[in-house]
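Right after this note come the structures.
Look for subunit A in each of the two complexes below; its partner is subunit B in the first and subunit C in the second.
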Partner chain A sequence: MSTYKFAIPEIIFGRGSLDFVGVCSRRLGASKIFVVSDPGVEEAGWVDKVFAILRQEGLDFVYFNDVVANPRDYQVERGAALYRETGADVVLALGGGSPMDAAKGIALVVSNGGRIQDYAGANQVKNPLPPMVFIPSTMGSESNISQFTVITDMERHIKMTIISRTLVPNISITDPLLLGTLTRELIIAPLFDSLAHAVESYVSPIANPFTEVQSLKGLDLLIRHIRPALETLDMDDLEQLAIAGTSSGMAFTNASVGLGHALAHALGGMFDVVHGISHALLLPSVMRYNLPACTKKMATIGRIITGQEHTTEEATALAGIEALERLRDDIGIPTRLREILPDKTLLPKVSQNAEKDICLLTNPRTATWKDILNIYYGAW
Partner chain B sequence: MPHVMNLDDIIGIESIKLGFFKEVQRKISELKASNTELEHKRQDIQAILDGIPDVMVVMSMDFRLLSVNRTFHVVYGDVEPVGLPCHQVFKGRNEPCSPCPIAQAMANAKTVSRTLQIMHWNGENRQVECTASLMKGTGGNPDRILLLQRDVTLEKQYQARYFQAERMATIGILAEGVAHEINNPLTSIRGFAEALNRRLTALEEITPKGEQGAALQADFHEYLEIILKECSRCSDIVQNLLTFGHRDTKHLAPVNLNDVVANSIRLLHPRLSTLQADIISLEFGEQAPLVLGHPGELMQVVLNLVLNALYAVQEAGNITITTLVDGNMALLQVLDTGVGIQEEHLHKLFEPFFTTKPPGKGIGVGLSTCYNIIKKHGGDITVQSEYGKGSFFEVVLPNLAE
Partner chain C sequence: MSTYKFAIPEIIFGRGSLDFVGVCSRRLGASKIFVVSDPGVEEAGWVDKVFAILRQEGLDFVYFNDVVANPRDYQVERGAALYRETGADVVLALGGGSPMDAAKGIALVVSNGGRIQDYAGANQVKNPLPPMVFIPSTMGSESNISQFTVITDMERHIKMTIISRTLVPNISITDPLLLGTLTRELIIAPLFDSLAHAVESYVSPIANPFTEVQSLKGLDLLIRHIRPALETLDMDDLEQLAIAGTSSGMAFTNASVGLGHALAHALGGMFDVVHGISHALLLPSVMRYNLPACTKKMATIGRIITGQEHTTEEATALAGIEALERLRDDIGIPTRLREILPDKTLLPKVSQNAEKDICLLTNPRTATWKDILNIYYGAW
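What follows is the complex of A and B.
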């Protein structure tokens, strides 16, 4: 790999940086802003806070909150219809991965036409999108940084991954204060998503020196601050986790992710499983599967997780994977697939879907649907 | 997905975040192209409009001009009419016409209406057919008026000429009929008068000599002579009528202008008998002017000129009709000491429908018909006049060489 690429949005970070949302939108040419969020974020009061800032800036806006976890194709279509009907301009997303991915889908459909399904895959976007200002209310998706959006095709029960540099928001505003209203339970799933981003982007065959440093920085901060943050919900720890999320986001938007995301997307498409929980369940298994293809890198990961070096790289790597499993057990989240799925009958279908996921391209080791089914069975 | 994705697709070195610069450029070039296309269409339509030989004007509902075609400028000159009210542009008035013919016509017709107006175009009075129609705007409601002005002078002229020709033909047929009807009894009268004349000697023989008898014979001589003379006059009139009525224009014959003048005067005899005796004097040149032409048409010219002169002199004045040969030209001149013609009317005299006579006295086709007849004979007709003093018409025709 001799030619690298590293592309990220303008990133604004810091406590209270939410206040810049109005002026940033205005600079992008906003006169009627299309705000996308969800009821959970509304409940925390952040939606009203954003409205107040926009009003203060004298900006008109339209509000769309018909978004659920694993946002759906028809929700994108409804949002696009509202956008067109109201003559909105700048798209402002506030929330976790679901509102942000939905907002990207809406911005894509209103500017490129057709249905969201038309753009599945890489680089299918042909026209520029409305300017986008994204504010994450939690880490984990890093949709505010990434060139990805993931939308559920309700007919085929699959999560479609859409990749395009044009999907990178214009401005990302990360205000760690927004993490302050989250409960311990709400933070757990996103943290495992971030861990998966850091690990998978690092072992990706298209990782480069610019992404690798961000992957490892993100992993390091996550490992240091997950336990204390979950114990005390201290703002200093939460802020470090927000940096960790942003770092891993900068890594995976350029290096992409791998098998773990293919497995999580397939499960989420079929069962509406929370994305981060899928990672918590499957990440160690995926790392074990990939280990032979990237032992050296897995050892580096193990060293960062455990702070220890063993006699062989494989041993160091395995120690890291076991440490992750312990972390998962300590936190007290489901450890077996059977705890969250009704039965095994759909696993072959899910495996076949996962085999087609675009994230599999950037996995260090190839995997057939049978390899994938084997992993699912192992995690049952 | 159109093709199998590979790692390069995900790295996307060449795939950049699309901005609006390219989009705007594309839009601008699209707009430019469509603008050029529209401009071509507009020029096309303008070329069509400019090619129409009628005046076309689009006006606002309050009768102000919005746009005009090229013919407008041909007719109304180099004015900049946009924004001006129509009465100012078309009639040179400062106030709206009362009543406004367009408004009147539109009120009655609702969509399209026609009116015929005499308008002053390029220094001439022309008959103009004005067509006004309402133009629908974008909302489907009429918001402008399309006004077409077509010069129909020539059409009207042909129409008038046609009617005149029809009338003359009818009169000709009538005259011919009357002439034939009169000719027969006239022949009888003449025959019997001549017979009587021949019997005068016999009458003398049986008439007792003496003063009484001589007086009786003298009366018989004189009366018979008068009857024969009047018969001869009647015969001439009938012959004239037959000539005038015979309008076969293809048949050209040598015509002596002096005869034409004499015959015309003879036809006018009833009219002239009510006026002073010396109102018309004839001055025929030594050489008789001979013209290859149509005697009836030439007589129409003389009649017209003389009738005009009579109208001009009213009851007091003189008319002198002169004929002469000047080189290869046969000249006919009609000089009167009547009211004359105003200078500004002089150049319009031979135009159709130009008349200074009050309504009912003439429609202004007489002199224009004369003009056409003379032109057809290869000649010309001119006028000189001093207002208040009189007029001098001169007809020049090619003299027929022996």
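What follows is the complex of A and C.
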């Protein structure tokens, strides 16, 4: 028996939809809202904007912004302590993957007790979480759609992936206007995370017809709009990228991801590498590695990326991977590991961590420690 | 500001997934489950199967089966009385559109009071409903996915459409094996309802990128699998039709439907016509009527139906409509209104009712009473 599951939050999408944040919080029973964001989003003015909307709706709130890229276990613990102290009852996250993932960690610990470490892996969460309204400030993490959160264990230098249906926010509000205050540089890295979500969810062994259509929709929109969006930062293109992110999110939250995410998590845990940059560095190599195990699907991906069909599925797939490499090279993002790491000495240890990552379970091709190390070396 | 909304239940899909009905009910906090089904589903053995699963899970339940095609206001009232008497707390619907729509009506009345008539139209529901687990026994209504229920007002002879986000079930369990106990005849009519959902949601003025991809996916699967499924009743084809229904449901619950549903509701209210048969009779005419208002989208539909592109968008669209007519004629279902109605005399009155139907608000082209009457006459 093969059973497909498809669960997503209620999605509200559109320019200006941020205005619904008060109504949505109230609908979830909010009397005191726990707002999680970060200094970057504050600077763009969106945190004040949300505060103003909540005040106008007569909603009480507390604010937590002790969050960095690759959010950390102790930050989750501090947030949980503040949540408990203040008697908050709804979690509102505003920002990229870091504040959203931190907010999920906080919601998890306050409702289930213990430490965030207790929930690493899949389906370890027993109790329901407080209601959550999530507002992404960029595509890339799709944490506003997904049942995933990734928190760094600072003692072990690993990024823990926590997967649970309870981590799907109740309501996701995506307002593409928030993308309009980002610089080109801030948009690039998350785009590669979205690309990795689309590609890895599509070739996942637990992909199903409901996720596949979303993977391909997301990939198609990304390919068509990344270049124009980065050239002009035009809102129409940015909006299409936000739709792409949402679609990729619907796909990977249900079909999971694979080797690329295992590799990126291990790099992030050890070296604090920005998650999207890891994908820019590694996604093409991961696709080449997986190609023999899912040639037909990789050919479909290739056709979407290049718009062309070659004489064999393998050739079509390879042309897609090469086009993706050209895209990456053209837009200006690190393309070799040596550009961001001091030396190779820790890569064997990083490979050990990657081998233990839960995302490896949903990769179409088995990867041993040695395979993983070879991919890292290849990308050096 | 244009805001898209996309809300669907948690979806569980697959052969044998019916086995999860107990676990899912328990997860929603069930202590006594209100099971709604009908004699046809009983006969196929699925009601007993559900009872057995619930008993095995140690779950208490009551059973209500006073439901007919085009479920009626007084049946909802009887069900609500039984629900209250027995102190049930979760609603489980098992069957086609009729038991599912009746179950929604019951859940609505027991939680919001008054009569079902009080909630006709869009967004008239204030209080949350009891948790709902829905198991469709056929595609077609997609009530297991949608925020719609349609109940007949027996005094006024109209089908009331009730639209509310609160009517989206919490969990939808689609087990394609249930389709395996249906006769060819029982499958045909609902398929035309699914086709109407796919087509009407796609050309709806409130369609959005998240619904459009589902409309087209649903349409594509229907077109590819209707003929083989009806020839052999092969489970692989039936499963694809069930996926198509689910996709169409995700589309129309968020983008709504149009003129075709207004026409079908009015016929159903006055003459108790099977809903899917109304669509078989009227969908091509409705598509022709709407064509000038959405030629480009109708051409996309035509391309999917025929796999061909003609010199103009209009020609591509018309070829699609003609292919749909051929499909309808080939598989054996009434194709003229005169085959199922006694005479034309009530059609002006039926047109008046159709003109007041809420689905007309989301049709791409305005339709007056006279336009509607002409479509009915044309289909005579």
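Operating definition for what follows: the second predicted complex is superposed on the first by the 379 of 380 C-alpha atoms of A that agree within 3 Å, B and C clash if a C-alpha of one lies under 4 Å from a C-alpha of the other, contacts with A are read in each partner's own complex, and residues count from 1 in each chain.
As a convention for this text, a residue touches a chain if its C-beta (ideal position, glycine included) is under 8 Å from a C-beta of that chain, and two chains touch if they have at least 3 such contacts.
None of these values were measured; they are calculated from a predicted model.
**Student:** Could you tell me if A:5 is touching subunit B, subunit C, both of them or neither one (first, second, both, neither)?
**Tutor:** both
**Student:** Taking the superposition as given, does A:210 touch the first partner, subunit B, the second, subunit C, both, or neither?
**Tutor:** In the superposed model, A:210 contacts subunit C only, not subunit B.
**Student:** Just subunit B (first), just subunit C (second), both, or neither: which does A:380 touch?
**Tutor:** Neither: A:380 stays clear of subunit B and subunit C.
**Student:** In the superposed arrangement, which partner chain does A:17 touch: subunit B (first), subunit C (second), both, or neither?
**Tutor:** second
**Student:** Touch check for A:163: first (subunit B), second (subunit C), both, or neither?
**Tutor:** first
**Student:** Is A:122 in contact with subunit B, with subunit C, with both, or with neither (first, second, both, neither)?
**Tutor:** first
**Student:** Touch test for A:361: subunit B only (first), subunit C only (second), both, or neither?
**Tutor:** Only subunit B; A:361 stays clear of subunit C.
**Student:** Just which bits of subunit A does subunit B share with subunit C as contact spots?
**Tutor:** 3-5, 7, 165
**Student:** For subunit C, which residues are in contact with subunit A within the complex?
**Tutor:** Residue positions touching the partner: 1-8, 10-17, 20, 165, 208-210, 213-214, 217, 243, 246-247.
**Student:** In the complex formed with subunit B, which residues of subunit A make contact?
**Tutor:** 3-5, 7, 120-129, 147, 163-166, 168, 205-206, 254, 256, 358, 361-362
**Student:** How about subunit B: which of its residues touch subunit A in the complex?
**Tutor:** 1-2, 5-7, 9-13, 15-20, 22-23
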